[in-house]
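What follows is a single structure, and I will ask about it in a moment.
Labels for the chains are A, B, C, D and E, by order of writing; each one numbers its residues from 1.
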Amino acid sequence: MRDVLSPFTAWKHLFREPVTVLDPLNDRPGADRYRGFHQNDLEKCIGCGTCEVICQNAAIDMVPVSDPEDGDSGLRPMIDYGRCCWCALCVDVCMTGSLTMSNDYVWADANPDVFRFTPGVDPKPWNEEEKGYQRPGARVLASTERVHMGERTAKDRIDNFEEIVAGYTREEAMIEADRCVECGLCVATCPAHMDIPDYIKAIREQDYDKGLQLLYQTNPFSEVCGRVCTHNCETACAARHDGDPIAIRWLKRHITDEVPYERYVDLIGKPEAATGRKVAIVGSGPAGLTTAYDLARMGHKVVVYEARKSPGGMPRYGIPEYRLPYDMLDRDIDVIRAMGVEIVCNTRIGEDITMETLRADNDAVVLSIGLHLGRSTRIPGAESPDVDTAVPLLRKITDGEEVPVPEKLVVIGGGNVAMDIARSMARLQQVKHGKVGVTVTALESFDHFLADADEVRESREEGIEIFDARGPQEIVTFKSGKRKGRVKGLRTWLCDSIFDDQGRFNPHYDESDELVHPADMVIEAIGQAADVSILGKDLTEALEWTRGRIRVDVDGQTSEPWLWSAGDCVNGPDVVHAVADGHRVAQSINAMLAAKEEAAT
Amino acid sequence: MRALYDRLKDRFQLGELTRQRPDLGFVTVGRDHLRALLVELKDVEGFTHLVLFTAVDWLEDGQFQLTYLLNNRATAQDLGVRLMIPREGASMDTIHDLWPTAETYQRELYEMFGIDFPGSPRVDEDFILEGWTDLPPNRRDFDTKEYSEATFAERAGRESHDPRDHMKQKLYPDGE
Amino acid sequence: MSFEWIQIPYALLTLLIVFVYGVFMTTIIRKMGARAGGRYGIRLYQTFVDLAKNYALRSHISHGIMFYLGPVFRLTGGVGLILFVPTIYGSVMHQNFAFAGDLVLALYFVFFGTLGMALGAGESGHPYSAVGITRGLSQMTAAELPFVLAVFAVSLQYQTLSITEIVAAQQGGFLSWTLFTNPIAVVAAMIGFLGTMMRSPFDVFLAPQEIPIGPPTEFHSAYLALMQTNRILFPIAKIVIYMNLFFGGATNWPVFFLKVFLIYLVSALVGVVFPRFRVEQSIRFFLIWGLPLGILSILIV
Amino acid sequence: MFKIEPDRSQYPAHNPDGSCDIDLSSGKYVKIWHGPNHPGITGNMSLELTICGDEVVEGRTRVGYLHRGFEKLMERRTFIQVFPIVCRVCVPEPDLNEYCYAAAIEELAGIEVPDYANWMRTLILEMGRFNSYMMYLGGQSGSLGMGVIGQWTTYVRDLMLDRFEELTGARVYHMFILPGGVRDVLPDGFAARMEETLKTAERYLDDVDKVMFQNAVFNKRTRGVGYIDPALFDSYGVTGPTARAGGATTDVRRDAPYLKYDELDFEPVTGTDSDIWARADVRRRDTRLSIDLIRQILVKMQKPGEYFAKIPNVLHWKIPYGETYIRGESSRGEYGYYLVTDGTGYPRRINVRGPSYTHAMALLERLIVNTNISDVGALMVSLHTYPPEIER
Amino acid sequence: MKDEKYTPLPRRPIGLDREELKKRTVTAPDGQTFEVDPIRDYYCQDAPKAHQRSYIKIVEDFFNWCRAESLWILGYGTGCGAIEMRPLMTPRFDAYRYGIQWRPTPRQANLLMISGYLSVKTLKRAIRSYEQMQNPKYVVGLGSCTINGGMYWDSYNTIKKLDEYLPVDLYIAGCMPRPEALLAGFEDLKKIIKAGGGEGANKYAENFEWYKANQKSVIKDWDMPDYNW
């Protein structure tokens, strides 16, 4: 009986208010975490395409929205809602965190072709929606932390010029290489357009031979670049936006570390058959030698003329050994030599051989003389004998010549050269005096510092004092006494802006904030200049110039049809840029030679 | 698990025991001993529950791996029995008389892998697919994407760009 | 009672009122069912819209003459029932075509629609229809048994076969209703009533979860609309009989509306909260509970 | 008295395996299709019934309407790309797929999942089980023509879906259990809102008890119907509540505890009769157990902590050769993933073992013989089959 | 890597070769014998016709209003989207109050919900269901899968573009669309129908050849006549 009556209790619901949502369309926004339709912050998005890669539905297309620039491909994800499954893996993996999801979920249309849109570009009602799925916390699908590179402690390294960083072990390199998402944004930023994602992939696959081949396709200075490259690529790295960029430079170095040096030449392969054409290159820096390497591989006969004792240019004479051991540089140069490049050292153009001779003897001449003259601030007191410029000093240190090592010195400048000379001098001080007394004053504030962050950090570890935003006003000298004319210190003002409204270099100082940095010696490291005196008067007049540099076209060709110029002397200081220049010039010369060949036959 | 393996190893010429977990092991057996081993496991050792029966296609080796996963409910242990059979003319003895439910598995394998089980009831009947004429779809040499693109129309008008190539095209078209 | 032409428009008016009322009652009962489930349910005018839509559908496919005639028969059953049963006692307008032996005719009409339906659905050739028809007929037969017995008991009790007279006999206070004068017959009849109302637990011949949805599986468009119209009219017509036979009839429309609604409610109250019997279970139910009660009621009379 | 049982002597004799010889041209039999377009079928599948009168003489389960080729698709997706599709294998209870897949990956890749993530997973699984049972209770009563239970349980399920939504960001496919952990921590105030939902659920379950289980007609329809001989459990791979209703005590949560089930206090629910009623009853009590477990979990779960293990970059995640089988207790029975990896970035083979695979095929075909056609729907629902996990 | 050595295993006949579709003689229990030709007996051979609208605009408008306010959904869950249909019809969202009801047979339904992906096997049934529905009838595609294949874009067993095979009136994006989105979609569909836009059935009849060719290119074992009402 109970079983017959008890079901009737269901009727009590008749007298209860129904539980129905009265206006389900407006009353029920998605939850805070709801994975609704996509949103994209166009400013943050860099178009790396990682979302496209991870999407298992092939729902995302990268479509051009703006012009590409460094670290931004100009592409933006377009999402096909005929494919999407709202799994939000694209949000989870987004390198910048720009891609998110709103909590909006209503979209019906009679036309099946409209369910495709570029979030952030196409106006959609949910574009401004605040709520919705965002990646909680850090990115977990691809690691955000760079693998720490082992290095010697400040104590260990301060009294010698041995290399500081240890290089990655295989395990470390694998982990670091694993972080790469292969977007390839870095390739465009790298002046030499190295196949960065591909050689990182070679590391992941432990195929170092292939990695080395990839390196040498675009860069014969892999050992050098693996250590001292300015790694612009890392500033374009997609991983930079949420975590550390991939240590591309160290990974490059890792490949060169792992492949036995004897196998290099085998792996790179033989140059092409000789063409009989001859090219002369002035200067054996990265630009010159890269040109030489490329041309030699194309089968041309190349002779490189170098004024100094050893080839290498700025990497040898400008970069201290603790950053770039010279035998590593020699290894690179030896590979280039193995391609048939002849390097003639101790031969200064204008003194030992003239440009005219070169022009007569060769089909083309490349001028890659670098920037080996230091610039001066020309502030009061700069003419003091205790004031020197950084580049010559570095050269002297490399050549083992005697340099003055005062107990207290000030470096003017905030670039890597300033760091190099400061740290080099610090080492010499440590050896000589047992303590470090170096102050660096930079015009730029730390927010816009020129030198690498690592350099700054390591310098500080080594006991170097760095003052930012200090504009040098006067090198204070002793006005009298035994040390009259010698340096007493450097007077600086706070610099509150470097550029004026038009963007011109016009620093503005706050005179109230004045400091005097005591010093026995001041080193200026504010820039370098090319030694163009070697060109001779006629050539100097024949060439076109722009702002004190030889004017070249995009291929590196000067206004003279036989003369090319490459490297720092046209571009400013940057190793990998010089390499890129070298490639370009080699291509251009090769095209010219081929045209000649064709005309001849 | 190890004790069980030692007991059965010589009688059925078992291969190495892979102990994936304390309660899960895999063991390889030859075709001649399979049935006897299954009967022994079912009737004597208490592995009465056929958890699953499936195949893995090792296309590169030209072999199918058949996996019979048995569960001993009392001890909560699982034993996977692996058997390799050649891909070509793949055929295997039916076990539907040991476990009636194996009939379903065998129908699926027949259809999805093209493995024959002579004597298994209704094994040649359509199971999941209907009127399938291509390669059995779970074989690894069957390319589902290719088939899908050839068979089912796709909505036109999509085009994607690889960031790397796009930047190359826009920024340094000559490859410099 | 002599026949007058004026009865035709009067009867049609009755039909209209009953139809409109039936639509709303169907809707309200459905809304009550919905409310028991915790929701609001369909809108009040929904049933009208559904009907209009079904009549307005453009295409229809016939499976043969009987397929077409089935719903017509069914509707004839419903309309005929209304027409031959006095709807409002004592009203000239709504007396309809009631006559001396109309109880037998009414019983005939109750079956008539079902048979027509059976033929029509059989013609549709759908196996579910066939299954539904078999179940429906067998269950209907079993369910009608107690009802018919109860009707016999009542007609024996009042010694007449005219519904009007039966109603007349029940006038004068609710204690003179058959409900109180012959409760056993009423219970037996109500059991049969449950069985014919196409609601759980005796809707196994519709059973959407088993044989979607039984006899009307193949019916659509206007055919379905006809059947829907019948679904609206027929229960009311049946209830009118019950009301007249057992609950004292109605002397005016408000009483009519109330009584019909309450009787309809009985089936809804049971239907919502019980699952359906299997066909042999329901037949057994009627045979075990309904039949003896029906016989008993006759014996008592 | 009034025994109107069908006369079985006129039906053909059945062989021991349930098959029988049917001569369709004799005109005695009618073939009818239950489904796929049929409201009494759980999901998109069909039964091909040969009936004689109201009696089923042969039944064949026809599946494949939902076949999407998951196992093939998984083979051409990277390990992370498989993650969004695993949940689609079983629509009403997707979370167990996510767990089984994630656990299989973690085992083969050697990843240790943080404790908090395990608690979260346990919570999600129990919530999913609750939802699945809610669908079942509505379906079981609905299959017998009582719609009102379905209204209530779907409403309660909807409330639980709200909890799912705020926790995971989706209603149906939660995609919350990533290989390596879970996506997020509990939102603020979740436990309180969950408690409210559970209270409502209990209130409605009380009503369900009264209206469904203390219902003369329901008992009549289900008692003694669809009996499964416990001796058949092993040969037909019967697991989960279906087996527990027949007195077996198999419950993966207890037999081979995974996640945090060994830290929870519970006993598997069992029944005795092994008929439809017993199965419904076991599930009803299991629903209550789930509620209890959710409460326990929310209490025992410690404060939010690390919820994701360190995993390699998913874009090129490779897992060395290995094979494993991960099982979990679903609302239908033993659910498992068999994963074989071969050292590449793609799985070699993933095989999903859904309980419906054995229940709805061989077992149902066997049970369905000699039942009344009216009971077919109820019988099938009582096995709690979800077709997508049969054909994947 | 294609293995050329595979020889297909024997299968039961497919398509029109199926055993149960052959002509056969049946003996009824009462001893009568008669011929059964399933294809001819069970199916209609006529192609569908496009049906005229009503000539009087106001009548057509009224009919359209009725059609829009009385949407009867065929209770056929073709894919996973069907799971959100249940909340839709139950207390929380209660679609009944918007004139949406479900019907168990295609004959009586006007609205076919393709709830997500369609496997080839289901497509066949969906087509048959659709053809059995009466003009005017509407199709709504739920979720990504019906728009462009969704997450099963590379599956060998699911179609990608639903409008190749059936005339679709409305698509609702989502995987799967929530009940609220469905309700919003229904409101849109009502607007379309009231504006006289729901002419999918006529479109289907007019482009019958094209639809049929598309259907047959996918369904390899076509075992029914071209049109089966």
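The rule is short, and it goes like this: contacts are C-beta pairs under 8 Å (C-beta built on N, C-alpha and C of every residue); 3 or more make two chains touch, one makes a residue touch a chain.
All values derive from a computational prediction rather than experimental measurement.
The chains that touch subunit A as well as subunit C are D, E. If each chain is reduced to the average of its C-alpha atoms, the one that sits nearest the average of all protein C-alpha atoms is D. Annotation: D-E is the more contact-rich of the chain pairs D-E and A-B, by number of C-beta pairs in contact. In this assembly, A is the chain whose CA centroid lies farthest from the centroid of subunit C.
Of all chains, A has its CA centroid at the greatest distance from the CA centroid of subunit D. Rounded to whole angstrom units, the spacing between the C-alpha centres of subunit B and subunit E is 35. Note on chain placement: the centre of subunit A and the centre of subunit D lie 56 Å apart, centres being C-alpha means.
Per-chain CA centroids place subunit A at a distance of 60 Å from subunit E. With centres taken as mean Cα positions, subunit D sits 42 Å from subunit C. In subunit A, the positions touching at least two other chains are 7, 10, 13, 18-20, 56-57, 80, 82, 85-86, 112. Touching of two or more other chains is recorded for residues 126, 129-130, 137, 140, 142, 144-145, 155 of subunit B. Residue positions 31, 38-39, 64, 67, 69, 72-73, 76, 84-85, 148, 150-152, 155, 173, 211, 215-216 of subunit D are each in touch with at least two other chains.
Across the whole structure, chains are in contact as follows: A-B, A-C, A-D, A-E, B-D, B-E, C-D, C-E, D-E. By the touch rule above, subunit D contacts subunit C in their complex via residues 1-2, 4-6, 30-32, 38-40, 51, 54, 141-148, 150-152, 155, 211, 215-218, 220-221, 372-377.
Those residues of subunit B that touch subunit A in the shared complex are 155, 157-168, 170-172, 175-176. By the touch rule above, subunit B contacts subunit E in their complex via residues 59-60, 62, 87-89, 110, 114, 116, 124-126, 129-137, 139-142, 144-145, 147-149, 151-155. If you check the complex, the residues on subunit E that touch subunit C are 42, 44, 49, 51-52, 62-63, 66-67, 69-70, 72, 75, 90-91, 94, 96-97, 99, 101, 104-105, 107-108, 110, 134-136, 201, 229. Subunit A makes touch with subunit D in their complex at residues 2-4, 6-7, 9-10, 13, 19, 30-35, 50, 53-54, 56-57, 85-89, 92-93, 133, 136, 140-143, 178-182, 201, 204.
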